[in-house]
Structure formats: C-alpha cells, structure tokens
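Two complexes are shown next, each including chain A; its partner changes from chain B in the first to chain C in the second.
Entry: the complex of A and B
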C-alpha cells in the first residue's frame, strides 16, 4: 500500500485506530456483562464462541466466507464514501445480485459452459445487476437531486421484496410445486455453477471468493490512492462545485461511484449464493448489507481496515451462532455488540477531530 | 360484499395506525432537520417495554407508559448524538436499529424464556355509543381501543403545533435555515432536542399500539419494518402532515389488500402490494409524483460560527 500507511504511526493515526479499538473492546465487555447478568456461564459462552469461530476447519472456512461478503460490501461503501456518498443499499444490492446469479445459474446453457465460465457468468451477472441497482440511485441523484441515502434505502426494500416475489412465483424462480409442502425457494444451482473450494480439505467450505475479494481489495486500494479516478472521487466529495469548475465530469463520477458500490454488493450476493447457499430464499441477504456498511464505516476509508473489520464481524457472527447452540446464550447478543460499536464510533467523530488537533 | 368492505376498512386503519403515529412524530423531527432512521428501533423498543410493563404490572395503561418512556430514552440518546455530538444521523440510526433488535430479542429470551407467546393484558375496546353501529366504517372507527382515539388526538395536536404555534415556526426555521434561526435568537439545539423527543414520544405510542392494543403479545422483531414504512410515508407525504397521514392510510390499505384481494378472487402478487409503498416513495423522491422538497438542512448538524 502507500508509503504513507507504512510510515510510523503518528498521533493522528493512533487516535484514528484507537477509537474503533476501544469501541470494539468496550462493546465486547458489555456483551460479557450481559452474559453474566443473564445467569449463563461466561467461560462456557467464551469457549462456545471460540469453538464456533475458530474450532474446526469448517468453522474457520465458514467465518472467512462470511467475512468475504462483508468485505465486498464494505469496499463498495468506502469507494462511494470517498465521493461523499453514503450507500445504505448494500442489502438490496446483495439481493439483486443473488437473484441474477440464481437466474443465470439455473439457465441450462450457462451451466453447460466450459472453462469455468459456468461460474464466471452468474458472478458477472450478479455484479452487473448490483451495479444497475446502485446506478439507479446515482442517476436519481444527478438527475433529480435525490438524496442517495433515501433512494438506496428505498431501493433496498424494493429489492428484498423482489426476492420474495421471485421465490413465491413459479413463473419466476420458485421451484416446481410438486406438493403443498414445496417450500417457496428456488431450485439449487447445479454443480458447475458452484464456486470451487480453495483448499483440498473436503471439511472446509472456504471457496475462491476469498481470492476474488483480496484481488478486489488490492485494486480498490490502488484506485483510491494512486489513480486519477480516486483523486477525482475525493475532489467531488470534498467540493462538488469546485470539482465541476475544474472540468471534472461531476454527474458521471457520482453515478459511477454509486454503480461501483452496487457492483460490489451484487458480487457479494452472487458469491453468497454460488458459494454457500446455492438456492434463493426470502431473507437470503440476512443483514450482510447493513453489516457491510458498518464494516465500511469502521474502516474510516482504509482498505486494510475493511478487511480487518470484515474478518472481525465474520468471526463474531459464527461465534455468536455457536454460542446460542452450545451455551444457550442468544445470538442476538452479537447484534447488541454490533449496535454499540456503530453508535460509539459514529458518536466519537468530534472527539477524534479534537484529539487529532482539528481539521 | 358489505362485510368484506367493513373488514377492509378496519384492517386498513389497524395497519395504518402505527404508521400514522410514528410518521407524524418523525415529521416534527425532520422539519427540524433531524432524520431518525432509528424510528424502527424506537418502535420496537416501545413494543417490547410496553408488553413487559403490561405483563409485569397487569395494567395495560402502565404498559403504555413504559413503552413511551423507553422510546423517549432512545430518542434522547439519538438527539444527544445528532445534535450535540454532531454524529452522522443515518449511521447512528442504523446502529440503534441493530441495537434495539438485539437487545429486545435478548431480553425477551431471558425474561419470557424461549419462544413462549405469553398473552399480555391488552387495552379494552371502547365503543362510541350510536356511532359504532354505523354500516361499513362504524366498527372500524368507533369501536377501537382508547389508544386509537388518543393517538388521533395527538396527531391533530401535532398539526396544530407545527402550523399554528411559535414553536412550530421555530421547528421549521431550524430545519430550513438554522443559521438565520440562530441569528434571530431561536435556540437551534434546544428546538431540535424537543422535536426529536416528540418523535420518541409518538414512536412510543405507535409501539404500544402494536404490542398492547393490537397483537397482545411481543414477538421478536415484531415491528418488522413499520418504522421504515413510516419514514417512507413522510417522504411520500412531502413533509406535510396531512399528506403524510394520507400516505400512511394508503400504505395501510396496500398492506390490507394482500389479505382482501385473494378472498375476492383477484390475483395480484402479494410482493407487489408490499412493494408498492416503497415504490411510491421512491417515485416521490425522484419528483415523478409531484415535486417534493425536503427541509433544507435535513441530516445536517448545526455548529455556530462554522
């Protein structure tokens, strides 16, 4: 990454890193207190958490797969945020990505494609669908001046209901109804469409999504820090009018920024579908879009921060599920911890600026 | 047919009521320039503490008081973060929603244990003599729990306060031009604080309606997006109280239709009806259904001298 990041951490950087760290540690302590208050054994809960997060190669693989989806949404978030655009629609972008990947994956000509194209085409389809969904918000912003927060949020709800629609109707993606017990889900995508595993270990669900994610993270870092495009995004984010006067294509940049954020979300959706879930069902995005936003926010615009945050939340989710099954502590506890972290980090912005000596 | 219509009107009102309460409260806050995405979390918190209070004391009216108190506490935290700490209102709102979902689910499992759907003491329905027997709309409008009548009165009160009092003028001033308002001697921070607390109060009534008056129990994530729907209604209503209330009734009707249309043999996809409110709101913010202008300083924190 840039030499700036490799230089010894100065006071500003330390403060910038300390806030998320304190928020995370403090929120987890609150979590432990809540476990104790509910009368459950804290050591048992911690053991169950660690076991579910890191205990087996299955657990580690599943946690990293979760982190991949979160990281992709987070990377999209920081890209758009560089242009001062807040993309709240990750959840919906995952949903449209999942729909597109399912539709393409279940279409027999695609599944028969050679050379791994059966994997790539649905991934690309999901990415494009996400880009389109994000792009709508961009066009609305430029054309009608619509606040992207409101539009991406509303588009998110519409997309979630589109998933519901797709799996409720046999004319769309619902599996053929053979009996009244047929669930409102799509058929599973065929074998060639599924993402290949990364390790030879048949126990580990870890798939090539990790490689895709790391490559894109590197690309994002380079684009944000080394490219004209990254500089223009920042310029338009700092002062749109000035950037336009300097001859930058303001409108197009804003649309591209939101479309890129959407593309990352759509890709995350396709990876979730082709990598682990294999069939579409209602609620398939299960909060990854909002968690990904949180990851993007916590990273304060740093690509490495996104990866670290995504890993943290990926393992937190896995551990939380295991804690519920093995120690009887509701997995909702991880939501409490997440909520506290978000509020603490968002609330400490002035404090950070003051400690960093103002900006 | 007559019966179907009566049921439709009743369910429209039942589904629209929490939206109207929450949206009219949120409207005050947004006119003052503070957007509370946490509306959903406030309502969910209120629904839980309302159910808890009603269950613990055996008195549904104390339950309503608990619901309002809990929601006002959340709104106070939101106000402190939005107004004093100048935090990103959207991010804080999302944080509160995650926290409220986690905390209510956790407390529900701990206190009520597992998934027992224990019935809580609910509010009785009061019939207005002479009017409740009217055809079609009689039972829907005049045979309701007391919270419905009180809620409708509160909505009218908000309309009066917003449009016909100096406080209402101050609210609109700090939402549009906080700098000018500050120069004119209007306390920007205090006005915004009050507006957000009003939102919390109304969200509390809305949450209490859902758990205590309507469903008579608490279930995990029972608001299920009603807060976001109320936000969409404020947008679709163009930040005007009359249109916002109408939007809530329209959204309530769209939701009610999903049960009515199949019964009448009309085949419209449920998903489309559920999507309709968000679609309408999206068209509204795009300016396709009439040009709408949000308060100029919506989501922008105010700092004197900057």
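Entry: the complex of A and C
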C-alpha cells in the first residue's frame, strides 16, 4: 500500500497530519460554542459525547460497527472514482443490500444452512443486489450516456421507497399483522443469520463485519495499486478514448466499476442488517450511504484514508447520538457540527496541498 | 528591420534549468533585440519550450539571470510576465471552444460590465493593423486551427507586449496557413516588438528570422544572424550530424533493400476498405464510398488537404467510430463493427492523428503507455508485474530510441517526438501485426524523429505489414509510399505512383481538379 502520506518526508508528513488535526479540533471547539449558544451545558454535552463514543465496550463496539458500514461505502466509492465515476448512490445500495439480506435471512431454508452459510448467503445476496443496483447506473452510462451522479442518486431514492414498500406489504417482508398496532417492519432475522460477535464480551456488539471490512480494504488497496484491473480503471478514468483504443473494454470496465461500488454498498447494508438491526424498517439505511460518500471523497483515493475517515465518522456519530439523548443537544446541531468538521477537513486537505505543492 | 539597435530588449546570462536529475537547459546566453525575430531551432527535447517557459515565468531558472527592458528579470508567474510586457502563445491553445472569439478574449481581461461591441471592434482593429482578419463573433469551436491561433495571437497583442513568444506555432498548422502566420510574425516585429519563435522547420527560419539560435540537448550550439547563415551548418548544429535532405534521409533509412518482393504469392490483402461512408451527426457526408486495398508489404500514402475525411477514416479504422455504410477488413477479419479491441487483436496497428486525445494516457507512465494494449502479458493472478513491465519498456525504449529518464516517468514529461516514437513502438510490436494505419505520424516532429518514424514504418512494411500512411505532407508521402491515393471532400479522387514527377498531378487532385 504505497499511500502518499507514507512516502512524504518527515516534516511534510507532520504538516500533513497537523493541519487536519488542528482543523478538526478547531471545528469541534466551534461546535461547543454552538452548543453553549443553544443554552445547553457544554460539560454535559462533552461527557455525553465521550460516553457515547468511547465510554463502554458497547459504545466502542457500536462505533466501530458504524465505521465498518461507512468504510465499505467509502471503499466502493474510491474504486469507482478511480475510473472517474462518482457513485453517490451508497444510500440506495445499502437499502437494496438490506432488502436482499432480509429476504434471504427470513427464508427458512437459509437459516438451516450449515457451516456459517446461513450468515454468508444473505451477505452475498446483499452484495449482489447492491452490485446489480450499481450496475444499472453503469449500463445507463454506457448505453445512453446518462451521468452516473444523477442515475445513482435517483436509483437511491427508488431503493429507499422499495424499502418502504417491502415493510408496508405483508405480501413482501412485513411481519404478519396480528393487530392494528403491528409496526410496518419485517420480522427479525433468526439467530443463525446474525453475524457472530468478534469478542467474547457479551456487552460488545462488535461483530465479524470488522474483519470482512479490513480484508476488503486490503484487497481494494491491492487492486488499486498493484493490479492490472486497477491500472485499467485509471486509464479509462483519465482518457477513455485512448483506453478504448488500446483495446480495453471501455463499457464493461465502467459497468464493473459501478457494480463494484454498488456491491460494497450492498454488503454494507447486509452487514448493518445482520450485524445490528436484525429487522428491516423504513429509514434503515439512515444516511450511512451519504456519510460513506463523504468518507470516500475526503480520503482522496487512499484506502488508509477511507479507514481513518470511517473510524472518525463512526465515533462522531455514536457520540452525536449520545449527546442528543443524554444532553438534549438537538440532532440538527450535531449534524451542523459534523458538517463543520467535513468542511474543515476538506479545506485542510487543500491547504496542505498548497503548503506542500509549492515549487 | 535592423536587429542591432543599442542594448537588447531581453538578454539571458548563463541560464540553466534542472528538473530532478534532468538538466534541461545549461549555460544559455542569448539576446533578443526589439524589432527583430529570433528563431529558436532544435530537436524535440532540446529545451526550446523550457527556455520559453523560463522567460514567460512558468518555471523559475535553477541558474543564471535574465534582463528584460533594462531591468533584472526574474518572473515568478506568467501573470507577472504579462504585466511586464511578455506574452506567449503556447502549443496547445487556451480557448474555450463553445465561446465566441470576443468572449474568449474578454476572459481575464475585463471586469465589471461587458462591452462586447467595443471589445470586438478592438479585436478587429488589432487584427487589421497586423494585416489579417478575425471575426470576433465567430464561435471558436467552428474556426480552423489557423484562425484559432490568430485569435490567440490577438489575445497576446491586446496587452501590447514588448516581446511575443510563440512556441512551435507552425506545428499545428496546415501548409497553406503557415505563410500567413510568418507574415504576421514579421509585422509584429516591424511594429517594434521582439518576437521569439520556436520551430524546427528550416524553411520557416529562412523566411522570417533575423537571428537564429540553435539548441541541442539543453545547450546553445549556434547563434548567428540570418544574413549569410548556412542552412546546412544550422541543421548540422541541430542534429549533430550531417544534413541530408529529407528524401535522401528517408531513402537511406530504407537500407537500400528493395520493397519486399510481395511474398511468394500474395496472401490476400492486409487492409481492405470497401465502400466506407461516414455521415456526421448533422447528416453531412464526411467520407464517401471509400474503397482501397492494401497488400502485405505495401505502403499506400493517402494524400489530401486536412479536413477532407482523413480524421473520420482514421477513427473508423481504429475501431472507435462505426461507419454509416461499408465494411473494412484487416487480414481476413471483418472488423467494421467489432471495436478497437478487435482491431488490435486482428493485428491492426493504429497511430492516431490526435496523440493526446486518442493515442496515450499522458498521466500514466511511459512503460504503462507503451504496453497499454498488452497488459495481459504482464499480469499474473490479476496483479500487474510492474518490474517486468518496466524492464520490457526499458528495452523497447532503447530499440525505438524513446528518450526519457526511466520507464516510470509520466508520459506527459516526454517531448512530442519521443511520445510519438513510444506510440509507434507500441503499435509496431503487436503480434501479429497485419496492417498499420498511421495518421500524420510526423506532425510536430523534428528531422531525426521523422527519420526514425519512417525507418520503423519501412521496416514494418518489409516484414510484410500493409501500411496506410495518412499525411498532409506530400513530400513525405512521395519519399515513403509505394503509391499515393488522394482524398478530396471524403472521396477517393485518384491514385498515382509515388514519384516526384507526379507532384503536380497529385497536387491537382488534392485541390479538387482533375477528379
């Protein structure tokens, strides 16, 4: 993994790390000011944040699980971005992955499969569903020239409404309606379908999704840096005409790139469902697709950058939720703070480039 | 017209520039007088563009000093150069194709309210005062290359520069427009400004230069007044070996061997075009019922003024555009609708007309570009064997004389000639290679690169490859091809033997007479 940050000389590396760090701390301070301005107790908010992000083994596990979903979407994003394709459909890809995983998980033959296949089959199903969803955008791009930003985004809305449809209709995935109070949700997936925990600690929700994510991150880094496929993606992203002239199957590569991005999103959806939520409901994807997109964008194509960004946002999200519940900080305000941090990080990346790029 | 009035406008003392390990320029002393044209002559990669970029403030020199207009000159940016009175026309134009001339020229020069008419009138005035016309309301994308270049020149002249730098202005021009450009250069100099023009075409120097300086591998090897300059000596200085007139050089590149006696019995054709017709998206006919058969070992030249269907034919044969009608075959394979990959697989080597848009990915390395179509050879378990790739590329770079620090440098860092040699190397090493389609393969290349390109093409033909050579330079076609077909308004209007005596007949065909 020849990550840029690892090759820079020491002083440059220091600048490269210090500037984003200062930016993040600065934007967090601004966030605290905002909390103070809204009349909430700042110490309470900080305590709630730390507690929610790192306070207990449950909190840490939940944060890492969040990071896993974000990282998967981010990895898919940088893969497609290598071919100059911007996949903004992570949200929808998570949704179709969740639908597929739920459907397979609730199908009784699957739960009876031996050797962990009960876990794997829904995971694979979710992955394939996501790949299909991303692939549609790829085919539209190649056949009709539809810009993938638009198609992935709109396909995302369709997928979100499909979740709604699935959990509203008993003919699809809605649990049997026993009374008028039955919620529009699916049944929970049975035990064998749930992802096994990673630690022996029954308190910790940390599951094997982390291992899957790290393996895929390594694979992504190898594909991008070392593989012929990665070079082809790059070539087609830089100059499609020349890549096609050199005999590369241009259309197929673009479809595969978007399908891969979708596959990562679909897998993230399946992992979210089988790992923590266990049943499908409206709003199940809860913005992870868009946060994952931000993680991918900020990473600037680096796999390590995706992992770091995903961890950061994972803990931030946990802490934010806790601030909302425990300290009464409005949800909107935590979103504002998140936005500030994104801008600060993105801005600092540009600043570092200026500082280091000058001849 | 006298280039020796008092102190020079620009003088360079011991100027040097180093890029990493590459010494691009070293110890350059040079003077340019107001009211004169200095021609910078040199092969690809000799350092001409680097020198211009130093003067224009794109790069900062690593050694030496400059004096401009009586004061020390150490620009930190092109903006500073423009403010001080230095303007430059780059090889690649910086105009927005969808905007009109006046809109383009207003970019960056006006703020606040846009006074289109006033500005347009100024454009017209400036153009007229230098003896040419330019329609300010024409959309740039619809202008010819020459007109776009004139727009660039007006853009520079609007700032009333003391020094105008032109980086290879003639490389992009069709032959008919070169004369007009040289006249403009002369008039700009006559208005009291200094002009630096980079070129490697000797005929142009004779016509326009007051002084000529020759660069070779980053050093100045000659610098003399044009009066009494010996052309032979200049070329000798430029390439470091005896001048041989182009056709002599090309003949010698042939090693004296006769064109391959077409293998015992002609095994069919290498390339067959059968009634190829291309309509553009507006329905206009760009290529009209084009039929041509090329045997193995044969070099067929396709002559014609640019814009008469050559580009369309090139795109079709490259597998990048589907013809409206007709078919084409390489060897025995019909490839009309098969696409670029199939053309390559069938043994069709393609040297595209537009190197940057079609032939290469400039941000990738030299090695990656040289093997862009053969990556599977260097792939094991899906992983690219980079070391093997770079090693193979290093060997090929030696064989085809592609000069770069190493195979891993970015392709964009190579000079035009070396880029072209690399593309040629990639296409000529296809296995099998049945036919080669080379479109304007020597455009913008210096004499020795031209020679290298044609030597390679001839060698390929001797190995039994059928070659279609598309060029607007008739002399080259006559020197290299076995026969010459002429394209006019998308139609094949005639075919002549490739002999100097046929020049008038071919010229007549190219201009649409005698068809």
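Methods note: the second predicted complex is superposed on the first by the 316 of 359 C-alpha atoms of A that agree within 3 Å, B and C clash if a C-alpha of one lies under 4 Å from a C-alpha of the other, contacts with A are read in each partner's own complex, and residues count from 1 in each chain.
Convention: a residue touches a chain if its C-beta (ideal position, glycine included) is under 8 Å from a C-beta of that chain, and two chains touch if they have at least 3 such contacts.
Note that the structure is predicted; figures quoted are calculated from it, not measured.
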item	value
Fit or clash - chain C, chain B, common chain A	clash
Residues of chain A touched, compared between chain B and chain C (which is higher)	B
Which of chain B and chain C A:227 touches, first, second, both or neither	second
First (chain B), second (chain C), both or neither touched by A:235	second
Contacts of A:198 with chain B and chain C, given as first, second, both or neither	neither
First (chain B), second (chain C), both or neither touched by A:246	second
Contacts of A:332 with chain B and chain C, given as first, second, both or neither	first
Location of chain C clashes with chain B - one stretch out of 40-48, 94-102, 184-192 or 238-246	94-102
Those residues of chain A which chain B touches in one complex and chain C touches in the other	none
Footprint of chain B on chain A - complex, ascending	34, 38, 86, 88, 140, 143-144, 146-147, 149-151, 153-155, 157-158, 161-162, 164-165, 168-169, 290, 293-294, 297, 330, 332-343, 346-350
Contact footprint of chain C on chain A as seen in their complex	222-223, 226-232, 234-235, 238-239, 241-249, 359
Complex contacts: residues of chain C adjacent to chain A	60, 318-320, 339-341, 343-345, 350, 352, 357-364, 368, 372-373, 375-376, 378-379, 382-384, 386, 426
Contact footprint of chain A on chain B as seen in their complex	37, 77, 81, 85-88, 90-92, 94-103, 105-106, 109-110, 225, 228, 231-232, 235, 269-272, 274-275, 278-279, 281-282, 285-287, 294, 298-299
